[in-house]
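In the two assemblies presented below, chain A is common to both, partnered first by chain B and then by chain C.
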Partner chain A sequence: MDHSLNVLDEALRLDNATMSFCPGQVVLIEDCVETSGAFVLHHMIKRALSPNSSGVVLFVAFAQPFSHYERILRKLSCNLVTYRENGRFFLFDMLKLDYPDGDVGNTVHDRVFDLYGKIQKALEVISVSPDYNKSCITIMIDDLSLMEVAANGASNNVLDFLHYCHTLTSELGCSLVVLNHEDIYSDLMGPTLILQMEYLADVVIKVEPLATGLATDVHGQLTVINKGVIDEPGILRTRVRNLHFKVKENSVECFYPGSRS
Partner chain B sequence: MAESICRALRDGALEGEHAPALTIKDSIRCSFGFDAFNFVLCNLASNILAGKSQARGLVLVAFSRSPSFYIDLLRSRGIDVTSSNKWLRIIDCYSDPLGWKERLQGSERVARVSRAAETLCMDARDLDKLFSTILELGKGLVGHGKVRFSVAIDLASAMLRHTLLPSVAGLISNLRSHDQVSSIFWLIHSDLHEDRAVMVLEYMSSVVAKLEPNTQSTNGQRGNSECLVLLEQNSRKGKLHVRFKRRNGRVKVMYEEFYVEQAGIKFVAVNSANGMVDHNNLIPKVQFNLQLSEKERIDREKVVLPFEHQGNGKLVQIYDGRQSLPEGQKDAMMLASTGKSTQKEPVSGMGEIHYVRDSDDELPDSDEDPDDDLDI
Partner chain C sequence: MATIKSKTSSFSRNLMGVQLAQTPGLKQGLNGVTFISSGIPNLDNILGGGFPLGSLIMVMEDAEAPHHLLLLRNFMSQGLVHEQPLLYASPATDPRAFLGTLPSPLSTKDDKALDREPEQKGLRIAWQYKKYFGDNQQCSEGHRENRQEYSNDFDLRKPLERRSLSGGHIDCVSLKDYPKITAFHDRCSSFLAKFARNDAGPRCAGRIAIQSLCAPQCGYAEMEWDMISFIRCLKSMVRSSNAVALITFPPSLLSPSFAKRWQHMADTLLSVRAIPDEDKELAKLLTGYQDMVGFLHVHKVAQINTQVPVILEASTFSMKLQKRRSLVLERLNQAPVDGSSGTSYAKSAGCSGSSKAASIDF
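Then we have the complex of A and B:
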């Protein structure tokens, strides 16, 4: 399993030793209705918490409860309960937060601000722990469209939140991983949240169904776009990798197109 | 041409005129606007430092990158930043544009670095305050006299997100018309705004530099994996369209190509007449070459074809289908047959072509097989 996933790791340009991102990177996962990109997020949680690194994950969950992630990650041989107890996995369960209507003073802006406050507080807790390594903190958001829903459609507030998370990437070297759905913006003309995200992102991962239609052996394709990659000395380019994947019971198999018969 | 942009910013404003303003705009298909902005910034910074420019100082309003990023950038391009507090001021609208961190200050603040050249802006929505801060810092650099300073805004899109278009337009217009501002430039991501907003900013600029991909997708659909090839092709290069507007209303449109490298963006002039038409672009992109490269063309010209004049001093021998005779005999033969076919006596050395028809009954270019009388 690990060997097959290395193709994805290589496309994501993860560090060989620590299995983590280069510090300060912003990763955007774009999926669509036909093909869910959640498995990429799960894979990244696993890599961020890999035993080789002392990485910490701050997970902002709008989509699923903790038990869901815990169950899936256990199948990928990664025990989230243990990591949570060791202070390496923080989950902000946004599903449980309900804002009573009587709470007049609590605007969308305040809610987004509160969430940022919680993240910053968690960062302070992490920074005083003895085995703190600032380059390995990953903030993950699942998913941005639901955050927009929670913010009553005020995408500007969501962008403010993302901007503040982005300042953490440059100040503390955190990585930011965001899942969003591409097709819900497809009909909208003009500026969209996903376009703003694409400007912000260093790595864009698009998860799509196969262009040629349904197949039993291939469940979809990944397009990994790495901006600003230095392949050869002095040459800076955007690197594009195209991968096919097959979602299995306990794992996801990634391979280059045509390498499986 | 990128140089002429930098020259326009360097030369600054004329007395009684608005300061030259540059809009750099890009889109997600070719998002190298930031590299172009950095190029202009570094160029202007080195001109200011060398005392070549009209401006004696630079105020940078940082919305999309932290001030430390710009300090590192200038240092990496070989610009002396040790003296930066004499000519550079950075307004930090990046770290805490809404004052959230300030509000959270009750708890311990997460790492904050502060330098002498930086000013933290805690409310990016208040552009009036931003305007007075820019002027205050600029005057702090150059004094209150006639000396001017330049202003750089690294992302006008961020301003447009925080406030309304009229306030952004007001800020830029006020800066342009201020008599201590030498030049002003900003970057905008054009597809994040309505066309109207981009147009307004373009109206207020004397130079518009637009970054475009070399090849556009035909169906206009974004994110299609079939565009992989296109993505690869546009991964490190593109075209820069520049529109200069003169005071008298003359508009000059030019373009050149650019390549993004680790050491920054490189501009290459387009090879055609005046950079107006690119013939290479008219040719469809195929896997084989439809055109020759310069070297291939030169090599092709060197090839001596078998029927060509050899020109190496030797006797020229062109096979005319008949037995070849030595020079003297040939002339004699010709003289003998002059009565029939040739009009006048040939003048040697004039390079005339003589044709001797074998007989009168044979039609010129007859289809008759010339070998049918051979006894094989």
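Then we have the complex of A and C:
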């Protein structure tokens, strides 16, 4: 497969050599009912586990079972089973969490706390391994709204969890990739989870359906917002890229609007 | 390439298909997905084969009309025809009474007659394409013979025979009996335990039909987070079993943000809308307006084991009762405008021709 960076990677400002994010970045993917943003996540798993980097992915799966990701990534020529055996891919299957019982406050707090404990433990294991110094760790959450549901609506707990993960990112240099649904929060007033996330994030990727309606050639549009990009003269600014995309089984095709004949 | 080197190669012989051929009511699809019929052959075609096993289907109700019941009735009937176990939950006090309204399958003779007529109509409009239609028709005819087992047309006027209702495989549950949704969750999980996935492939599939989950009668109004937790758990349970769950709900009764959360939960999301009685504007715009009973909108098609979204040619379909008894879905056709020029006439003819093809075989 080709290992060159495509338009999407360029927009995400992935590192040319390691094909991964600069350490310590927080990435937020926002999607909506009409267009799923899961493919961006798949693309990032593939990049993080690409052969010429030694990245490690910790994947918190609320939305789909392992078999689903495994099948998709296999078509993207990335074998998750092998990576899991080699200790480069860790999946926390949160799909099987059972129904929260009556004693709400307690169990919910424990649940988020347990998950954090597991992630921390996994990180410890990774950091003692010999080839840690060159590896870049990515924590991915699919998706945050389901984590809220699992926490029975205690978004403060979820936010705490994210902050802890964020601390990890600065301590150990891992990046955090979170998928969330934007339209859930569009009617809510006040400091919603998504606004807090947007503030926290270095890169925001918005996945939307095409404004002009259904199309078979273009599946939707992406807005990639890079915060704090340092220009040549040393000016800090926010860079925004608009892309159109078409999702295929074995790749995601991204292109600038109108650039495809 | 990593795939070739790995132990679990994607190039393995698929033995499931052979087995499935013996299981009535199931069909092998792409990406290791097995389809189960929705009970409406047109809807199966639109969705690319039917509802995938292990998926959660949600139907957004029209608050003022019971059109979701059309989908629900066909869905349940199709399961009973295939003798698939069914769990039906509704806010009514006596949910078993609803079983009496389930439609029975059309006999093949009626079926043929029903099919022939619209095809001829289609050919009359696009007679110059007759030679192209010939093949298509034969192929779809053959297809139909094969698929007879998979999905049926239902006669909405004729109730299902008592015989198929009396089997022990139907569970009817009133949501009113479960003041706490946890208990209902346990009920679903014990129902689904029978269909746990194993390597042998699906032998038998189960169906769960839940009507108006957030209706005020159930008394779940103050339990928004509990409700969505329930849906999340149901989804994960269904995903790991050979079953499908269909939930209908009135989104207007939920707060906007929760309505969106519910929609995100669905693998396949549909909505139904009634047609206002005398909408002159619409009647002028659409052909066949008088036969329409409502619109069906496809918001989301399940993406299981794949990242490629299903882009439909159209997402809104008209629900028609053909000969007042069988439910068909058709793409909307714009009526030709009076006094139009030659080009626009040609365009509308082409349009109806292509939509005809779509309703024969998607």
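By definition in this document, the second predicted complex is superposed on the first by the 246 of 261 C-alpha atoms of A that agree within 3 Å, B and C clash if a C-alpha of one lies under 4 Å from a C-alpha of the other, contacts with A are read in each partner's own complex, and residues count from 1 in each chain.
We adopt the following convention: a residue touches a chain if its C-beta (ideal position, glycine included) is under 8 Å from a C-beta of that chain, and two chains touch if they have at least 3 such contacts.
Quick caveat, the model's predicted, so the values are computed rather than measured.
Aligning the two structures on chain A places chain B and chain C side by side, free of any clash.
When the two structures are aligned on the shared chain, A:Ser77 is found in touch with chain C, with no touch to chain B.
Once the two complexes are laid over each other on the shared chain, residue contacts for A:His219 go to chain C alone; chain B is not touched.
In the superposed model, A:Ser170 makes contact with chain B only, not with chain C. Superposition on the shared chain A places chain B and chain C such that, viewed from the Cα centre of chain A, they span 120 degrees in steps of 10.
Here chain B and chain C sit at a least CA-CA distance of 16 Å once the structures share a frame through chain A. The intersection of chain A residues touching chain B with those touching chain C, taken from the two complexes, is empty.
Listed in rising order, the residues of chain A touching chain C in the complex are 1, 33-36, 38-39, 42, 65, 67-68, 71-72, 74-75, 77-79, 81-82, 95-102, 145-146, 149-150, 152-153, 181, 183-188, 214-216, 219, 247-249. Contact residues on chain B toward chain A in their complex (touch as defined above): 28, 31, 65-66, 68-69, 94-98, 100-101, 103-104, 107-108, 110-112, 161, 189, 191-194, 223, 225-226, 228, 231-232, 234-236, 260-263. Here chain A touches chain B in the complex through residues 30, 113, 116-117, 120-121, 123-124, 127, 156, 159-160, 163-164, 167-168, 170-172, 182, 190-191, 195-196, 198-199, 206, 208, 211, 221, 223, 225, 227, 230, 233-240, 242, going by the rule given at the top.
Within the complex formed with chain A, the chain C residues making contact are 1-3, 6-8, 10, 31-32, 182, 185, 224-226, 228-230, 232-233, 236, 239-240, 255-257, 260-261, 263-264, 269, 299-300, 303-309, 311-315.
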